[in-house]
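Each chain gets a letter, A, B, C, D and E, in the order it is written, and its residues are counted from 1.
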Amino acid sequence: MSRQPYFRALGAALLAAAATLAVGDVAAAADVKRGGTLVLARPEEPLTFNPFVPADNGSIYAIEQVCDSLTEADATGLGLRPGLAESWEISADTLTYVFKLRDAQFSNGQPVTVDDVVFSLRTAGGPTAAYAFGFEPILAVEAADDSHVTITLKRPYTPLLSVLSLFAAAIVEKASFEADTDGFGQKPVCSGPFRVEEYARGSSVVMVRNDNYWDIGVDGQPLPYLDRIEMLYVPESNSRVLGLRSGDYDVIASVPFNQARQLEGDSEVTLEAQPIFRLDYVYLNHGKAPLDKKEIRLALNYAADREAILKTVYFGFGEIPNSYMPKVNYHSDTVEQIPYDIEKAKELVAAAGYDGTPIDLMLSTGDAPGKQIATILQQAWQAAGLNVNIVEFESGTAWDMTTKGEYQAYVSYITSDINDTDELAVIQADVNSGTNAFFTWYNNPEVIDLLAKARQSADSNERAGLYAKVQDIAYHDGYSVPLNFVPSVNAYHNYVSGWRTVANGWWWLKDVSVDK
Amino acid sequence: MTAIAIRDELARWPASLKIGATFFLLIVVTGLFAPWLTPYDPYTQDLAGFLQPPSWRHPFGTDHVGRDVLTRVLHGIRIDLQIGFITTYVPMTYGLLLGALSGYLGGWFDTLMMRLLDVAVAFPFLVLIIVIIAILGPGVHTIYIAVFLLAWTMYARLARAEMLVERGKDYVLAARTLGYPTSRVVFRHAMPNVINSSIVFSMADFVLNILLVSSLSFLGLGVPPPLPEWGAMVAEGRDFIFDAWWISTLPGLAIVVTGASLSLIGDGLAHRLGQRQRSFL
Amino acid sequence: MTQPLDGDAALVIDDLVVEYGAPRGLVDLALGRTRRRVRAVDGVSLVVRRNETVGLVGESGCGKTTLGRAIVRIVEPTSGAISLDGENLLTLGSDELRAMRRRVQMVFQDPYSSLNPRMSVERTLAEVLRFHRIRPAAGVGDRVAELLSLVGLAPELAGRRPRALSGGQRQRVGLARALALEPTFLVLDEPVAALDVSIQAQILNLLRDLRDRLGLTMLFIAHELSVIRHMSHRVAVMYLGRVVEVGTAAEVFDHPAHPYTQGLVRAIPRLTPERRHRKPVIQGEVPSPLNIPPGCRFHTRCPKAQDICRRIAPPDVALSPSHRAECHFPGP
Amino acid sequence: MAIIEYILGRILQMVPVLIGVSLVAFLSIHLVPGDPVQIMMHGRATEEVLATVRGELGLDRPLPIQYLRFVGGAMVGDLGKSIIQKAPVDEIIGERLGPSLFLLVYSAVLAVVIALPLAVVAALKAEGPIDHGIRIVGIIGFAMPPFWVGLLLMVLFGLVLRWFPISGYGRTFIEHLWHLFLPSLTIAAFLAPILVQSLRSAMLDVMTADYIEVARAKGLSRRRIVLKHVLRNAAIPVITVLAVNIGWLLGGAVVVEYVFAFPGLGSLLVRAVGHRDYPVIQGLSLVFAVIVMVINLLADLSYMAIDRRVLRR
Amino acid sequence: MALLEVRGLCTEFRTPDAVIPANAGVSFNLDAGRTLGIVGESGSGKSVLCRALLGLIQSPPGFVTAGEIVFDGRDLRHLDETTLRRVRGTAIAMIFQNPMSGLNPVWPVGDQISEGLRVHRGLSPSAARARGIAMMRQVGIPSPEVRYDEYPHQWSGGMLQRAMIAMAMACEPKLLLADEPTTALDVTIQDQILALLVELQERTGMAMILVSHDMAVIAETSDHVAVMYAGRMVEVAPTAAAFRTPRHPYTLGLLQSIPRAAGDGRLTPIPGQPPNLARLGDGCPFADRCAVASPECRTRPVALREIDPGHWTACHFPERLAGLQA
């Protein structure tokens, strides 16, 4: 079963210098070992390779290895660099972008043409694509000539280059895609570093090196280094850890926190805890009593012993948040944290005139850490004088209830794909943004005003100041109960090098090499 | 029943029944007195003292939020016996009724019941339980409803098969010639002689049902926290099985012990009721 | 033995047919077939007069038990009529049926299975009395004691369950239960077949005593000829669902007219201590009721069988006012 | 001839059951809150997109129409297309059916191989110390949660001894046997005690039969009596038990599937329900029902092979 | 020397509550070619005796505690299991009361008939089949070639008993134990089976022990009669003597209980019930039901004694019977 519904926000990308960032820091040129197979076990299952069918982590992380887009995240994930587009020019009014295509080939040997790009981007913005909203500001995608594509916008839209780096903007081979759209989801034809050789649904994907890939490695030869990837779907975390130790797997993704501490002691294994754009928090529905009262929401925050949660649930992995949103570029460290203060919580509950209305703390079935968090919070909040029930719902149902506002509090999380504060800040805090302040119905005119100002500003210092203010206000309004800035924890054998988790959560395998 | 009658009855019990019943009684009594047996509360967390290995202070250790595992196991007796009891004996009651009637009456009623039974048997339990959980949310009641819909089939089958034999027996025919109405013939006369195999099977079913809750908890479909239900405890503790084996293992042991005592009772009952069939089916 | 040969008819069975068989299944429907049904009783007519005991004898599977059960309506006849004291038992509604139960009762063969193993003797008897309101509630206990003494059971047995009784005692309980309703007509289905000889004699004596004391009319079903002869005024011999010979006990046993009866009588081992040196009279086995032979149904085993027997069903031949046989060649 | 007719009858009987199962499955999953398209889109797509996709999938039609379309398709062997995977449902189920059945059969065989000697010993030494020992081990095996047993076996055979791989399915038959040994053993650990107990009691039952006394009077050896006269007769009730449990394990093995990362039908079902992938759930319900009924039919046929009397009834 | 000599055979069944002496000191002789009829009511120990002779008592709960069974010069009680098994299959055979349940339902009848030949004589399957078919023909089973491969449920009770007899006779035993061989059968079939047994005995010269509760069956088939009561033999005599001048009140009681053809009026049953074997005293076990018993009978142990040549009785006062006989 999938974990809870996943939200990826889009942000205006940092561009500028990003285009020229190199990958040189990956490995020393001389040492890199080519060939070999990487066996990777992960808890999510790829469902489709069709980039226009909206997807879950299981699919996205896999698509990232296979498909390529005009721009791509750089090695750090913090910036952008050219992908299939060798370069681009932006008109003065910022309404017209002209991309020059690289001389690249699809995995089946066909050249990547202007036609393919136009087709792909039009499909990505089509009527049935989930991420179409990101392409909504686009007026037209047209071929300028054999090697140039022109995108014209309805209005200025700075996040465009960032959007074009999304998996949803992947460039597919038009002929294959049109010939068999359903089949494409099983056996895609893209221009990424790997191609799908065998896709055993529900169990594994075998990817092999795409010999036609355009990028060059540190040794001056074409990437990728690996010949083959076996990406296995292993939902049970104990089994993943056991498999890593027994040598069945080279890499395991999403190591459970308690076992991560154990793996740290294993000399054959490298444990990587990489901060990513993720915040675990309790959604609060401001439209439902008693959460409509700020005092109550703050009481929930004061009564939450985040230190204890960090220690017992996350085993020390992560960082206690001082924000209502993940730690993206304009994050302010100076916003004061709400401390653990049960007495203060009691006072607030009393001050709110709490009438005993119970709070249903919802979680999705199968969310083990969520269950633990809910158990801890229930006791803490009850200590503060609130009535709390834990209610579990199957994830589809829970999400349905959340989007309809039929919940009170929901243990969940949010991540951002792109390194820009704006989009998440708006989506989470502006009740008019289309998701009702991300299903909280949080409505503070001052915040909405500040966000509007920040969007109009071109001065990054000013924006930083405005976002910090929003962060401060929303956080102290008791927007939610933030719990932890959670890192991505992965582990691999020491003979694996070049492994890197980028800040949006996924990993690049084109730079990975194995030296068993 | 007089004391002598009880003594005589006990004297006829086979050893397995005595041992099983003693254990089971012990478990029940322990469950009744659970709140006074340990100084801890099953729900109170001690986040500072989490994942403590077994010690004198915490003979079964503490769990991932610092609760005393022994206390939770002891309190779990009440919950699990209740779950086992309800999920076993409620479906058994109407399963027996339907099966016995079906076997006795035959004809269209039997045909209808058998087709209904086929549907219940062939319908994937997982779909049903997930669907009900999706509608009602997980919890003890949800499990009850799902189990009620399907678990009667085994009893209905057993009762029907036995009734097909019983209805031809002379004492049933005799009851009919005495002019007793069908309901009396079936329920007063035949029924008590039909239920033996079901009672024996129910002992294994009891264990199976507790295990079912545990498996459902594994899938996140069991009882909601923080209820100290054994299956849920076993499932919750599985993430810690390598560094804190006691969280999962000791509640599991409770299931095994309860299962063993019930299985012995079933065994002994089979003997006592003159039935060779064992408690497993 | 006084024989009320010309008494009023108590029970009249007229051309009774009882068939068994499953209804047609889906496949049969699909293939358009009718399912073969077994005719357990195939056109039996028989009269039992008031205060008379009629013995019904035959080998297993001949339909005698089915006939007995049809009389007490625990087997539904396919056609024909059964009337008791002029009232057709087969057309009764459920209330009338219950009233009829009080007049016609049955004693079963197996005293081990005819009693509910979970009910004590007292409960078994009291239940009958209470259910049919034979006695006011206060009188039930006394009546149970009366019944026990009637069938010669010690009162201290009242609290026992069947398991704690011997075979003979159980059969007495079965008898008491039937008598509790104060019936006038008793169907006894092999009441002594499961008992040892010494106990059998006790029960047979008891039955004869009760018959005389209570003025019971009986249909006595058994496979043992000596028992039948001992108990019956008249005897009917069944073979494959039909009564093939009927007459007084003396007529049937001393001058059997049907070859089957003759063979049956001669097949009984004698108590005379002489080693046997004779060939069995009747060869072969009873044919399956699914495959009843054409013509005379006994012709496959009959030493006298002629061509006609294989083709034409034999007539019902009257040999005396009370003696009839269904045979083409009746007589010695 | 009678056998063919019997099988025909049983197959005809399946039709109403399948209608019942499909109707219940269809209605119940549509009763569940949650919209497959919304879930697929992760709550982000606009209402227009959601409506367009629903329309494409035919989810905007009235329920009776949807059901009839499903039944109509199913009758010609078309179970529809998965909403999220866009692949034909029969293909998706088919991919996992083989492994799932392989696992079940393998588990059943392992369970029988384990149970047979134990049951024979237990029956021959009934009520002795060996019998009690076997029973106690059986109870433990039976009452241990399967994921426990699975992890235990993984640690022992996968990590410590390194005899067997801890996941995967393999490509060849021999590889299947090797890869699926641990998961099968996990299931067998649950199944074998049930079989031991039922076979033991069936054997004890058979051993009191008159024909066993006759066999002894014939001077046959104990070995011959057990092998030829007892086991075959005792197999009949055991087959029932096995059939009931295999039918149940078809979906119930999902825990084992998760632990061993095994692509079986159970986990497919759980995922399909999670995503509200209606066609897959409906298809699976039908497939489960058919398999359960076929297993029961096979069980009944095997009684007949063992004991010819059964056909007569 | 007698073919079979049984001396002081004791068999008991041990339950948690009681020890039940099913055979208490049974002794008798049987010569080759002769038939001993054993008669008695249920629970008298006659079936247990047959099983004890063959070593077929299931232990626990049954134990043969004393006595010797000398067959053909060897004490069967002291043979090891393997040797005893060979004796069972070849020299001594047994047929049982209920032919319907005596054959394994899952194997063809013919297979079971010839199984002994394969096991004990080592015949090949085809040779065993031929011999089995011959045996079936001998016992009067029609078209044996076809019926060889049929299953027990396809056969009638009478035919199955013939099959049981064929099975028992297959290895040409010297002694046949027939335990109520016709009880489950109809009169006409009983007639056929008894005739068959007598004929086979005359042809093969084997000895036979025929157990029955039916005095008449014994009367027609046996040379000697042994009457059993409460686990012991109370009268052993040549058949004619036993029936004409019974010297034990139980034997007399049995004879008088049987409804006679001419019997009009009341029967003379034996009063009371058979005793509980677990609670027998020292005296005559029949004393409680005996019409001629003295108080002494309840305390003084009885043993079989020969009061006429070849006529043994276990009664203290056989002379008192004279007055009772009609």
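In the analysis below, contacts are C-beta pairs under 8 Å (C-beta built on N, C-alpha and C of every residue); 3 or more make two chains touch, one makes a residue touch a chain.
This structure is a prediction, so every number in the text was calculated from the model and none was measured.
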Next on the checklist: Under the document's definition of touching, what chains do chain A and chain E have as common neighbours?
Outcome noted: D
Next on the checklist: Need the most distant chain from chain C, centre defined as the mean of C-alpha atoms.
Outcome noted: A
Checklist outcome for this item: In terms of CA centroids, furthest away from chain E sits chain A
Next on the checklist: Counting only Cα atoms for the centres, state how far chain B is from chain D in Å.
Outcome noted: 22
Checklist entry - How big is the gap, in whole Å, between where the Cα atoms of chain C centre and where those of chain E centre? => result 31
Next on the checklist: Suppose each chain is reduced to the average of its Cα coordinates; what separation in Å results between chain A and chain C?
Outcome noted: 88
Checklist entry - What is the distance, in whole Å, between the centres of chain A and chain D, each centre taken as the mean of its C-alpha atoms? => result 39
Item to check | Multi-chain contact sites of chain A, meaning residues that touch two or more partners | outcome: 1, 238, 394, 396-397
Checklist entry - Residue numbers in chain D touching 2 or more other chains? => result 13, 32-34, 147, 151, 258, 270, 273
Checklist entry - Counting only residues that touch at least 2 other chains, which ones in chain C make the list? => result none
Checklist outcome for this item: Residue set of chain C touching chain E in the complex reads 1, 59-60, 166, 168-169, 196-202, 204-205, 208, 223-227, 229-230, 253, 263-264, 267-283, 285-286, 301
Item to check | Residues of chain C touching chain B in the complex | outcome: 69, 72-74, 97-98, 101-102, 104-106, 108-110, 113-118, 128, 131-132, 174, 177-178, 181
Checklist entry - If you look only at chain A, which of its residues touch chain B in the complex? => result 1, 237-238, 241, 256, 258-259, 261-262, 305, 308-309, 311-313, 364-368, 371-372, 374-376, 378-379, 390-394, 396-397
Item to check | Of chain D, residues touching chain A in the complex | outcome: 32-35, 38-46, 48-49, 52-53, 56, 81, 84-87, 92, 95-96, 147, 151, 154-155, 158-159, 162, 165-169, 258-263, 267-268, 270-271, 273-276
Checklist entry - Which part of chain E faces chain D closely enough to touch in the complex? => result 51, 54, 56, 82, 85-90, 93-94, 96, 98, 101-107, 115-116, 119-120, 151, 153-154, 164, 167
